[in-house]
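Labels run A, B and C following the written order; every chain starts at residue 1.
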Amino acid sequence: MSPSSAQMKRRAGFDFTRWAIHPALIFTVVFFALPLTAMVVVSFWQRVYGKLTATWTLANYSKFFAKDYLLDALLNSIEVTLATTAISILLAYPLAYILAYRIPAHWQRFVLILTVLPFWTAYVVRSYSWLLVISEKGILNVMLMDIGLINEPLAMSYSRGATVLGFVHFFTMLLTLTIYANLVQIKSSYRKAAADLGASPLQVFLRITLPLSLPGVAVGAFITFVICIGDYITPQILGGGTEVLIPQAIMLQVSRAANFPMASVMSITLMVVVVAVYFISAKHLKMERV
Amino acid sequence: MPAWIKNAPAAAYLIAALVFIYLPVVVLVVFSFQDGLLPVPPFNGPSLQWYEKMFANERLMDSLLNSVVVAISSALVTTVLGFLAAYGMARRKPRFAGSIRFVLMAPLTVSYLIIGIGLLITLNIVGIPKSLFAVGIGHVVINLPLCFAIIYSQFGDHLRNIDWAARDLGAGDFHTLTRVIAPIMKPSLFASFCLSATLSWDEFIIAFLLSRFEVTMPVIIFEMLRAGLTPEVNAAGTMVFAISMVTVGIAAVVMVLNYGVKK
Amino acid sequence: MSDSLVELKGVTKEYGAIKAVDNVNMNVSRGEFLVLLGPSGSGKTTILSMMGGFTAPTSGQLIIDGEDVTEVPPASRPTVTVFQDYALFPHMTVRENVSFGLAMRKVSKSVRYKLAEESLETVGLTGFGDRGIHQLSGGQRQRVALARAIAVEPSVLLLDEPLGALDLKIRRQMQEELVHLQKSLGATFVHVTHDQEEAMSIADNIALINQGRIEDYGPPDRVYLRPATLFAAKFMGDSNIFEGIAVSCEDNRIRVDTQMGQLAFTGEAETGATVHVSLRPEQIRLGNAEGDNMIPLGEIKVSEVIFQGTHRLCHVRAGKGLEVELLLRLPQDHAVSKGDTMNIHARQSDAVLLRD
């Protein structure tokens, strides 16, 4: 082939590299962006005799904000999620710190893997496992009674506390990962320099390590918030119907009533909360660093 | 004091944390071998009866197969899409690169539940029945951002030159990708395949919302939970956990061998 | 023009408002070893990249072997690029790397392995075919990259700072080998570097690039001894550059008054204009001017002497009131010391009147 014909072919031809991103892009638009758009549209539709009808209305939104039990579900969710995030950070930070600075380098990888291994326990089974631990006849009550600390089994399961416990277990592992990843990136020379300049260990931590590790905390906290507030299984299994969180409320609308407009309104509200949290924490969030 | 840790309070905290983290896992696994009807103390000692029961449970075994099929096929699609997208992004910085990345990463910030509801509503409007295929699509949506990010992070500037060198020497798109780029990227492609397969294998809410008659294993286990505490669930959970760990373990070993050692 | 192989006509590359390459015209002859020399960011790599087809010019034309290849992709050009980081395929053996281009040209396995072995022999890596890339040293990788490029017998080999990653000793050795390789293959090499010593030791011609333009173009000795511009004089090694005023200009003869006396040049200048004159440190000699063509440069005072083995580097002050700083490179046997005063002179024809 002479260069000039090759040239003609190229000019008219299909530039593969330019199109390589398109399959993923189109897939995401069709199966992610469009469904979310459909959800927004449906949230303004009506349900007539159980069938979706394209009649525009704001009734779904006003109904959501008028009914206390729906709004309560949202507030419950926010409370549970904030508690979970706070407790998980408090537990995970020391753990990540110990992993990063108190364990010799050649052991770190092993201990880290050991620490986050149960992350991969089957998702549905994770909450169930906690039920085994804290139920009335569960191992914790049995042990406490054996020691003689209590005489009667504590009612720990099927409560908000049980839900938070299940969440904290999972998100402590996740936050340990993100905080650890951040801590090991901080150059040890910063701490040495600070100590050399006369900072006490506490001052080194407060003025050097802690501020530099905040991005890892922020990213982990944001992921925790997003996953936690949208989780259905954990409150369903461990909360046991004492209160309803927003994912459970959404699932009730879908499975019992097939009320898609209302489910959409609630999903959108949930998304708005997450987006708001994103913008509040955005200045600390540098996703690409983790 | 053991050599692997530098002081006592730190050791105590670490051990306490490990107890907290492992407590439910250990209880789950131990009581899957329970000789008795309830997975609570006292432990009557090792028995495989619940595993036998589980393997005899046809519905559970069918769902196991469904889960494997959905996991492998969705992970394949995810990895191919993620690889092509990462290649396109790295090879030529497209116009609107920021916006494209935003779109590709966006599903990460939306709860699985909402993605599931969105797809369910869409199926409903278009009139397509729920199916395992829909579940697979949902799993590609949730895993694509992660796979894209993992693979993209491994595309360095050196790969741009390698890509150019291959084309300079006469390789077309197909040969450049299959003979040069993909083999070099094999570890991260494999890791992202394993990761998406595991996440799909373990995913509940989308599978629950989008499947009907044929369901995946987490959905069946959830149904079994309604019957209350039974060691059969422990056995099933232990198996799901074990399979996840093996997959993740292989991926981790491959990543460590290929990136951890050479660099 | 018959021997012109690569031709750039008004080639310009803009990145937004920045002109990385600004209206470059250039001819590379068949069999020439051309070095594109310039500081980082000068646009030399962009020019090479446009020759290779990896960067499209914003405007202008690129002709190789009589064909307009401006829009032809890299693979269809008779060029092959050796990248700065070598871009060797890490998952392939040396032999697979070297024969890759032949495989893409559908050459049978036995033939391409034979040709690959020949290429390896050419670069002095006989018997390395089965090695992995990770087992090679930097210099060996460099050779494999060369072997891979010459295996497809390109008319033009483009080398993007190929020696930059090597340590000094291997770099000097590879420079010689590159020249031998180029002469024995009879191929055309275009080589990018920022190292002016490297450029001088390997080039047939140097194109000195600055801010996207060609500052100077010619054989190394000409570019070094008679730099065309102020930038060229400064970039090509140490130089003494001092200001003067053109006091008269007639019959293509310029007289320039400097702090150290009057110098004469051939050329045109406006009377009264400030001009720059360049003299290399080794062109300034001690003692009184004697003989034709020698001109006195007045008295100097030595302010610092640095013994550098092959010569003595002297910082001196010269001119009326000792206000001009000069650099002298004296032979080893000229034992001068700090504080000495003496007369200096230079050959009139060594002094160069610079364009700004």
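The rule we apply is simple: a contact is a pair of C-beta atoms (placed from the backbone, for glycine too) under 8 Å apart; a residue touches a chain by one contact, two chains touch by 3 or more.
Everything numeric in this text was worked out from a predicted model, so none of it was measured.
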| If you average the Cα atoms per chain, which one ends up farthest from chain B? | C
| query | Max contacts between which two chains? | reply | A-B
| query | Whole-Å distance, chain B centre to chain C centre, using C-alpha means? | reply | 55
| query | When the centre of a chain is set as the mean of its C-alpha atoms, what distance in Å lies between chain A and chain B? | reply | 16
| At which residue positions does chain C touch at least two other chains? | 73
| query | Where on chain C does chain B make contact in their complex? | reply | 52-54, 73-75, 79-81, 83-85, 87-91, 100-101, 104-105, 134, 148, 152
| Residues of chain A defined as touching chain B within the complex | 16-25, 27-29, 31-36, 38-39, 42, 52, 91, 94-95, 98-99, 102-104, 107, 109, 111, 113-115, 117-118, 120-126, 128-133, 135, 137-139, 142, 169, 172-173, 226-227, 229-233, 237, 247, 250-251, 254, 260, 263-264, 267, 270-271, 274-275, 278, 287
| query | So in the complex, which bits of chain B are touching chain A? | reply | 3-7, 10, 13-14, 17-18, 20-25, 27-28, 31, 38-41, 80-82, 84-85, 87-89, 91-92, 94, 100, 103-115, 117-122, 124-125, 137-138, 140-141, 144, 148, 173, 198, 202-205, 209, 218, 221-222, 225, 229, 233-234, 236-237, 240-241, 244-245, 248, 252, 256
| Which part of chain B faces chain C closely enough to touch in the complex? | 158, 161-162, 164-172, 175, 180, 183-184, 186, 262
